[in-house]
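What follows is a pair of complexes built around chain A, which joins chain B in one and chain C in the other.
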Partner chain A sequence: MKKYLFIRILKSIFSILVVVSIVIVMVYKLVPTTKMFGNDAGYQRLKGIDKKIYEYNQLERLGYLDYVTTTDMCSEVYGEDGLSACLAGENTQEAYKAFEDRGYTIEVINDVDEKGQPATATIGYRYYNPIELIANFYSKLIVIDNPWAVEDANNPDLERKYYIGQDQNGIPALMCSGCNYKYQIYFDGSFPFIHQNIIELDLGDSYPTRIGVSTVSIIYSGQGSQSPFMQTFPTGVERSSALMQHTCRYKANPDHMDTQLFTDNYASCDARYDAPSMVNTSLIMGFISLVLAYIIALPFGVAMARNKDKLVDKIGIVYINLLIAVPSLAVIFFLKYIGSFFTLPDRFPQLGFGDIRSYIMPIIILALISTPSLMMWARRYMVDQSNADYVKFARAKGLSQKEIYTKHILKNAIIPIVNGIPQSVVSCLSGALITETMFSIPGMGKLLPDSIKQLNINMVLTLTLLFTTLSVIAVICGDILITVVDPRIQLAAKGD
Partner chain B sequence: MENNNIILSVKDLVVKFKVRDRVLTAIRNVSLDFEEGKVVAIVGESGSGKSVFTKTFTGMLDLNGKVTNGEVWFEGKNLMENKTDEDWLKIRGKKIATVFQDPMTSLNPVRTIGYQISEVIIKHQGKSKEEAKKEAIQLMERVGIYNAEQRYNEYPFMYSGGMRQRIVIAIALACHPKILICDEPTTALDVTIQAQIIHLIKDLAKEYGFTTIYITHDLGVVANVADRVAVMYAGQIIEYGEVEEIFYDPRHPYTWGLLSSLPQLGEKGSELFAIHGTPPSLFEEIKGDAFAPRSDYAMRIDFEEEPPMFKVTDTHFAKTWLLDPRAPKVEKPKVIQNLHEKLLALTAKGGIYGEH
Partner chain C sequence: MTDPRFEFVNIDLAASEHIAAPQYSYWKSVFRKFFSSKVAIAMLVIMAFVVIMSIVHPFISGYSNLAMDDINNPSARFLSISLEHPFGTDDVGRDMFAACWAGTRTSLFVAVIATIITNVIGTVVGMFWGFSKKLDVFMIEVYNIVANIPFTLVAMVLMFALGQGVPQLIFALSCTSWVATAYFIRVQVMIIRDREYNMASKCLGTPTFRIITHNIFPYLISVIMTGVSRDIPSFISYEVFLSYIGVGLSEKDISLGRLIENGSAYMTSAPHLFVIPVFISALISVSLYIVGQTLADASDPRTHMI
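Moving on, here comes the complex of A and B:
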């Protein structure tokens, strides 16, 4: 089992890498770069040379190309000594030549500067080839925090060490001086209770929407408005603040506001928000609706199988056909309309996260939409099993119909259903597109289509990595779950 | 057929099936008495109604099947008056148990062997879980499972085919039934295991004193285990008698055909005997003797009128016009004329059904 899982996980990681690599190449090579600037308001305000240079800077930041200015080229070729001579005009052509030989394109931009005067700039750039793109993506992907992470010339005496300290609540935590994060491992009351800041994923920043915010924090950090709470800061000041001290990072130049609260440079903290993050929003709704769907669909499907061709079965088949045949958009509109009779809001932000009524309709709709297929499969598996020989023998043994269904058929029919549960959980995240759009729910469902539309390549890559990883994990979990319900299946590698 | 020890008596049974809006008559007016403690073998080709006939004893006909006429008397009660599943539950498994053909699929794959045996004991004998477990382990040992205690918690897939059939038999015996119906119990097993299982059933029948009804098309099994043989053809019993009578003095042309086609009788170099033609369609009404179109001995009357049961001896009956005093005298085929000696010779050579 252990060996099997190890091999399985290795294979899974390999497949994730392959999928993400393909998407990386597709995204960088097939998406037209000119279009994505259209959504950038800052870019629209620039003109002339600055606009062009901003473009190359941004493309470099997104990982498309390596961008070099004349200064870069001169200092690269002639070093500090020949730099001024090079910039003055001597040898510049040689520097350009050297870079052209390295595969760079040298471009002379003749345009106007910000004042409208004609100006010239010479720059060089080189687009990365697919191998470099993939290598760049993975090489910066995982960031491991360490006591030598902070480089601050103003603070040469910064201690470099790990130590066990206490957080503001008096709970012990693994802390660090010199690391990017002050708290490396800490405990708190929110799931999963033990948290770490040692390993972080760097998937780049979002662009062209929410410029400068990392894609990971768009998905994971809270939404809504800041939610302050009473807390004690290291200086002993007690005040109501939204800052979460566990997330504090090193800040090179703390201002006097920071020194009021913090005794050291770790003063750049995330704030607490009153609404859950995008991923949590989708997960909360998705999970509740999933449980609801299973609670409705399984007993109904089983009842249909037990009363095959009778009234219950016929009603169920009509229901299944209706829900599958009618477009889900129409179903959602219809249910929203019914919900409005019970004074339930037809858009999520009307009452917001704090009000339970905001959740009722989306959850009911999500649950109902996933019931028909669940019911259909539950019924089909049950009917399949009820024709099996062991059922015939169970009858001959003198068991009643009810006993045969509950003790024998159900246990067999549940096997394929159990296998699919983890995948349903994952699809909560990505599968609620229409419902989330209809109710304007700030969840994950819209994120991927939106970021594709906006050509937000880092976000697309982040979501690709997230969804592939979750899907692969779900498949493994499904297979592990199946071993629990089916004694015949054991996960074992050859020679185990 | 007068006998006071009759445990199950079938009278004028007719079973009809509805298949795609057409009515098929699977059992046509069958009457048969089963004597207590005897082993009765029902033989016949596929589709002759062997299984359907015995399924009516436990109310296990498929949903489209129906008993339209006849009575089945068991313990002073006509079972055909049972309407609900509840009524049948008092009989099925408890009084009349069935062992099916394929042990590989007869057991629930995701329940332990122990659970599947204890379940019956708890249900029919009302015992506690621990008592049921104790009895189940005893039963497992009795049917020849070693290390029963450890194997109690194992799953069917951990058992071989022969062992599974032993478990199926143990389950069938868990409630000490009066009648055990073995529906081709050895067809899916290899020959050495077949012999073991047959001996097991034979021994258990002696020990538990149940009446055994074998359904088989393996005449080797019949010769070895049966006291009585009923030959079925096209939904009717066409010959019934003591096993010796059927083997050594068969009277119906169909029985002759069956016996002639025993592969053991084949001689090297010559082709094996086969009954030509196919059985009649049961959708249509059958006129005369159902076997007549395939029989080499058919007379004109065979196509016009159904023959009655002729009595050969007190225990031997056959349904053929050949037994009518007016019929011409016909010798049975040469190949089965001295079947007794031939079969004895085979057994002496150490055939699989020889003494162990």
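Moving on, here comes the complex of A and C:
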């Protein structure tokens, strides 16, 4: 069992890597880069050489290419000593030549500078090949914080050590000096109660919207407006602030405001917001709707099987066929229309996070669009089981129809249904993509179409990785779950 | 044998070979079974109407999504339903009746081509997959990778990478969906490949290829038909969704999804712009689905017994 799980997890990681690698290559090689800059307001203001150089800088930051200036090329070829001579014009052509031999394209830009005067600049760039693209993506993916992470020339005496300290609430925490984060492991009242800042995912920065913010923090940080609360800062100052001290990072130049609150350089903290993050919004809605879908679909499916070929069964079959056949977009619009009669908003932001009515329709719709397949399979398994020998025996013993169905058939039919849970999670993720877009819910599902429209490649890659990982985990959990429900099933011997 | 009441008859060898059973023709039985369902006939009429209209009408109207002749004529915009414009006009004065049929044509075209690709590749691969142990080892891993990812995500990311357009959309829709079809066919093949009649066929020396094409394929027709009747509506649904969120088709192509996307902005002020395309997409999906399901039932020889 352990060995099987180990191999299974390895295979799953492999499949995630394959999918993400394919997506990386496709996105980097096929998406036109020119349209991307159209959404960048800063780029639009630039002109001439600056615009061109900004473009290459940005492409390098996004991981498309390696961009080198004349200075870079000269210092690479001739070192620090020959740099000034090279820049002055001596041997410059040899430096270009050396880089051209390495596969770089040398481009001479003849355009105007910011003052409108004609100017020339020579730059070199080289687009990465698919293998380099994939390697670059994974090599920077996981960042491990360590006491030597901070490199600050102004603070040479910075101590490099881990220690056990107390946070502002007096709870012990593993802290670090010299790391990027002050609190490495800490406890607080929010789920899952124990938190860490040691391992971080780096999936690049968002571009061209919310430039410079990392994609991971867009998904994980709270939304809405800042919500201050009373807290004590390391200097002893007690005041109402939205800063969360557990998230404080090293700040090279703390300003006057920071020194009032913090005794050390760890002063760059995230703020607390009053609305849940994108990932939490999606998870909360997804989870509730999944539970709701099972609560609706299972009893209905069982009732259909018990009354096979009767009215309930026929109504159920019509319902299943209708929901499968009609485009889900049309179903959602129809349900939204019905919801408007109960004064439920047809867009999430109308009432916002605070109002429970914002959540009702999206959750109901998300649940309803995953019911038909659940009902169909529940009915199928129940009908298949109802002809089994043990059912005939139970009937011969004189058990009532109700007892047979709830105590005998359901227990056997539930096994494949449990195994179907991961598939429901996957379809719930798909459903969330549609529902969140239709209701403008600020969650991960809406973020994907939005970032596709804005050509935000890092965001698309982040979400692809996230969705793929979530669904792969769901499938593994579903298989583990059936061994819990039915001890007869041995996963290890499953290889067919 | 001198009794005059008896007389000799000639031995008819052909007659002795004759099996005393009613004439059976597969396709005749399929059609008889199909046309015995009134709902299916009604849906077939609706389907035929929609399909013919979507093929013929764009030729008559010559609809082009880029032709906006009345864009500067406010009196031609947002016209309600009338005799001249049976479905009204949209925000730039285009006739919705022509737009709807041209859009239906694109949506149907995308869905049908994607379904054909999915099912042809899926069936061929699936049948060999069910027989070959070597292929199984490889394909099961491919299936595990593909089945774990939400299809909507695959389609969206592919459209993002490939750009908008009809061929891109068809590729995005059929790129991974054939794996699921192949897996389904594989399971069906595994169930029936070891049945007695196939064992007998094998013992008599029939090559595997012939068993696949002559013994197993006919058995699978109804299974494939069920898949097809589910695929077409689901591909229409995906086309509508992808175009609605703006990654499906570009401005020069009109489709039901794009019509719904355009119309959703005027849901309260000019609801016909939105309701009619939604209704048409629901109509073709439901009619295609029911016709397909009935045809699938009818094409199963086991239902032909009277």
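Note that the second predicted complex is superposed on the first by the 480 of 496 C-alpha atoms of A that agree within 3 Å, B and C clash if a C-alpha of one lies under 4 Å from a C-alpha of the other, contacts with A are read in each partner's own complex, and residues count from 1 in each chain.
Keep this in mind: contacts are C-beta pairs under 8 Å (C-beta built on N, C-alpha and C of every residue); 3 or more make two chains touch, one makes a residue touch a chain.
Since we're looking at a predicted model, the values are computed, not measured.
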Simultaneous placement of chain C and chain B on chain A, clash or fit: fit
Partner chain(s) touched by A:L133 [first = chain B, second = chain C, both, neither]: neither
Partner chain in contact with A:L433 - chain B first, chain C second, else both or neither: second
Greater chain A contact set [chain C / chain B]: C
Which superposed partner A:I219 touches (first chain B, second chain C, both, neither): neither
Touching partner for A:P32 - first (chain B), second (chain C), both, neither: second
Which of chain B and chain C A:V23 touches, first, second, both or neither: second
Touching partner for A:M459 - first (chain B), second (chain C), both, neither: neither
From chain A, separation angle of chain B and chain C (C-alpha centres, steps of 10 degrees): 50
Chain B versus chain C as contact partner of A:L329, first or second or both or neither: second
First (chain B), second (chain C), both or neither touched by A:M278: neither
First (chain B), second (chain C), both or neither touched by A:I415: first
Where chain B and chain C come nearest after superposition, their Cα distance in Å: 6
Chain A positions touched by chain B in one structure and by chain C in the second: none
Chain A partner contacts - residues on chain B that touch it in the complex: 58, 60, 85-86, 89, 91-94, 97-98, 100, 102, 105-111, 119-120, 123-124, 155, 157, 168, 171-172, 175
In the complex, chain C residues that touch chain A: 141, 144-145, 147-153, 156-163, 230, 233-234, 236-237, 240-241, 244-247, 257, 260, 264, 274, 278, 281-282, 285-286, 288-290, 293
Residues of chain A that touch chain B when the two form their complex: 388-390, 392-401, 403, 407-408, 411-412, 415, 485-488
Chain A - residues contacting chain C, complex: 11-12, 15, 18-19, 23, 26-27, 30-32, 321-322, 324-330, 333, 426-427, 429-430, 433-434, 437, 448-449, 452-453, 460, 463-464, 467-468, 471-472, 475
